[in-house]
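Both complexes shown next keep subunit A, but they swap its partner, so subunit B is in the first and subunit C is in the second.
Here is the complex of A and B:
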């Protein structure tokens, strides 16, 4: 037997208290947008580090640096020694995929020195000193504009401006940057989707060494022929105790970074959950008030022959309609708000993207919360005494 | 056609520390096709008795047998569907759903049955025609007078063709003219369609429409003279 109230009843009930309905829908929209944002943030954070991780790339860094690339110092000749000693290294066109690099968190100033003003601001940036071999180990990096840099030139990741907190046009090709006492012209821009690299500035290694008065590197990235084949590299590090090296597969390194940022992820979800909780509480109160307002009407529907479950279902449909309407608005809001947005975190930045997964989390979440919010009202309806409720004013 | 029997029915309510007993060891038989009128002062238990007959409430003791079914023994999950099949309830206030039209209000009980849209339309139209409000089908309750609302409520009560109609002070909120219209309608349903009607009222004029009248006072039933008997 069909025992449900007609859908029209649920739909038209929404118009009985327009302000209450609108406020509930707005709360749903806010929750949906927040859930999408939280999901996009967490997924962006995870994928940024996960995207940089590769099974066939290992990071060689100083054993005393406690896995901190900024503190690590590796002998300048370490790269050449590794090339000569480790047979598993991938060679591309005869060139070994070994990249000695300097990683430096530094202050970056915009424009040439000749145009510098007394009140100019220094922006924190992440500069990586590299050679052309960097492209062999960091496969995700693709030049999207210009060409690789030479002496006095840099290329910048497309999220570098966001990471530094400066307008996009400040880091356009042809612009000038100053850091570590040197002046560099931007000659190219690169993409490295889903990696931390996308927020970096790449400068020539030898020039950066000179400017920072270093005769070493921070790390050496090594790419091997087959994924996980790091035994030769580890043996090299063990044999050359004088170099004080440690080998970390890049997948493990970035996993550890993900773990490091776990509290931030948790915080994002906790914030979303708190606001969602408040919205559920508000929505739940609104529904309870709706039941109180309609107590006699609901009792008369029971007298007609509808079960309290049928009434509860109709109420759930009302809640879902509001949640769905608010959810759609929230998704649109999130899409607009997150469009092209990115987040700065530590020495990196990542893009926020309302992808299908985040949309599902936002919309599904708000529907679930809408349903959850009906629970107190449903319990109340289930306990309704028809005889008593029929006497309600 | 449906007959009713109450056998030693007691109903108690607890209000704080007080126990009220509107019905105590009440026994009653209503024959199929009766227009039974129950009179009595406020708080005498008339509505309680009506609610027991309509399976809206359960007795604390005794049996309520309607159409051969002992309602006290009917599982809770079956009560709603039993009501939809056997009882049409007319309240003192029409209790129409304000967001639905007269047509949709009358249609409500039919959603409980597997029925085509065309069949629902046919039945709703017949019910509205029977109460003389077919031309008001598209009106919302607030666009109807009190008497019209009550007639729509009667149409809702009869649309699923239940054998028993219970009416709780159906004319209590109406003027004389509207009340007469509603009572005439109930009489016609009783005479022309053979519906068993149990009506609670304060109004002696309304009571006069019944084929049998009883007075409920202090939890006890007293048989009154049949309507029309001097």
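Here is the complex of A and C:
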């Protein structure tokens, strides 16, 4: 049986050149943190849209809006007509789960008009005009503070402040917001984990209609009794051609949004891969130099009976130890850096979460890269000529 | 004969077999079962003097009509579809440079013209709508030219629905 070098040989070797070991570990740490961040970003982006998708909810919007809820305008009475015509609609306590809504990107100002300053800043915000029925359709929404809004009142998602780029406390319950010429007191805050809704401001539908001088809605969300049972809705849209409606299952709508952001996801991974590649080449170079420095020692080990594979394994252990130590530091760095972080994207925002999947990607990735980095050094060892190496100065 | 030669021959033989065999037809989508419709619904030839969709929308309620148009939307679980007037431009016309994934939604057309040039076609089984989609029935699909014979019903909003008794699908 071939002899193996003991583990403490690899550990001692690391301690022989502490600066090089520390620098290699730091590089591994940065790569691990970067992989975790990239994974958290991509997963956050995906789950934000996927979270809002439901198999039993369809979106009814204008057929000429080309699936853009902000451009869509449907008759204000469309919701009532759908309720009356479509038997498959879910009823909760006798109330149909049909929510007519206005979706609007608007400028939001902080504080009451009486305290307005000439140089105050308008913040871009996403306002959704809703009735209480919205809670029947958007099940992910949970009030975490306060109560639903009435006239002159709004509730805000817990990522709304981040989306607007304002401090968290400026959207606390009791604060006042102004938009579309109206003044609204915040009476509640809501969570809607893993959905775009969390970055929105919800205002009363009828009041928003009045302020925006609209006599229509943007869309109607409809929840049916059984997942995918949208035939009645489709029939309604095809029979009432005068309303110019199109029905899109929410799962399909959000799937299309995910596809829209695919290039951004790809870019995040490409950037991570490029930096990881640079780290692999750097680490590989350092390891190769280490082998060159220890050529006589390695040749001596071969001369006393250790195979070149045993030397290669010991070298791989060294690389893995450095990668693992750096990986753990990188995970801690990512955890601290991403904690409570969120990303603004278009009219929405999503949380960055270093979850188990991202940790696995970061740590596993850095170990694999560490292993790959040993390849040139291993090839060098396999080609070692004992007689020549022993004569090395 | 070396092992490498035997393996090469085997790989080549397998590749030749796979090229020669016919690929099986795609399985039917279980989420979109095709409607089982009476044979009498299928027309062997196009009825003469079929009206356009725009003309049919102007016809009197309750009349028997023959209307020609192109298939627009198709319902997934009922034998219902809409037809668009032949004068309307889909996004799949020759020379159209737009890369549209759903050209049958006529998104390139003026919405007012579109609203005036579309009618609904329903196939009933007794008093109820026939269940299952009509897509693929007799080759019927999006943007296929069809002639539909049936009874016209109109509501007070001007929406026209033809209860089909016969459908001719142009090949």
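As a working rule, the second predicted complex is superposed on the first by the 392 of 393 C-alpha atoms of A that agree within 3 Å, B and C clash if a C-alpha of one lies under 4 Å from a C-alpha of the other, contacts with A are read in each partner's own complex, and residues count from 1 in each chain.
Note that in this section a contact is a pair of C-beta atoms (placed from the backbone, for glycine too) under 8 Å apart; a residue touches a chain by one contact, two chains touch by 3 or more.
Keep in mind the model is a prediction, meaning the values are calculated, not measured.
Participant: For the three-chain model obtained by superposing on subunit A, do subunit B and subunit C clash or fit?
Facilitator: After superposition on subunit A, subunit B vs subunit C: fit, no clash.
Participant: Comparing subunit B against subunit C, which has contacts with more of the residues in subunit A?
Facilitator: Of the two chains, more subunit A residues are contacted by B.
Participant: Could you tell me if A:95 is touching subunit B, subunit C, both of them or neither one (first, second, both, neither)?
Facilitator: neither
Participant: Under the stated touch criterion, which partner chain does A:206 make contact with: subunit B (first), subunit C (second), both, or neither?
Facilitator: neither
Participant: Is A:142 touching anything from subunit B or subunit C once the two structures are fitted on A? First, second, both or neither.
Facilitator: In the superposition, A:142 touches no partner, neither subunit B nor subunit C.
Participant: Go through the superposed model and pick first if A:66 touches only subunit B, second if only subunit C, both, or neither.
Facilitator: Second partner only.
Participant: When the two complexes are placed on top of each other via chain A, what is the minimal CA separation of subunit B and subunit C in Å?
Facilitator: 23
Participant: Is there a shared patch on subunit A that both subunit B and subunit C touch, and which residues make it up?
Facilitator: Of subunit A, no residue contacts subunit B in one complex and subunit C in the other.
Participant: Can you check the complex and tell me which residues of subunit B touch subunit A?
Facilitator: Touching subunit A: residues 47-48, 51, 54, 56-57, 77, 80-81, 83-85, 89, 91, 93, 95, 97-100, 104, 107-109, 111-114, 156, 160 of subunit B.
Participant: Using the touch rule from the top, collect the residues of subunit C that touch subunit A in their complex.
Facilitator: 31, 73, 75-78, 80-82, 105, 107, 111, 115, 118-120, 129, 157-159, 161
Participant: Of all residues in subunit A, which touch subunit C in the complex?
Facilitator: The contact residues of subunit A facing subunit C are 63-64, 66, 228, 230-231, 234-235, 238-242, 244, 246.
Participant: Okay, in this complex, where on subunit A does subunit B touch?
Facilitator: Checking each residue of subunit A against subunit B gives 1-6, 8-9, 12-13, 15-16, 296-297, 300-308, 310, 386-387, 390.
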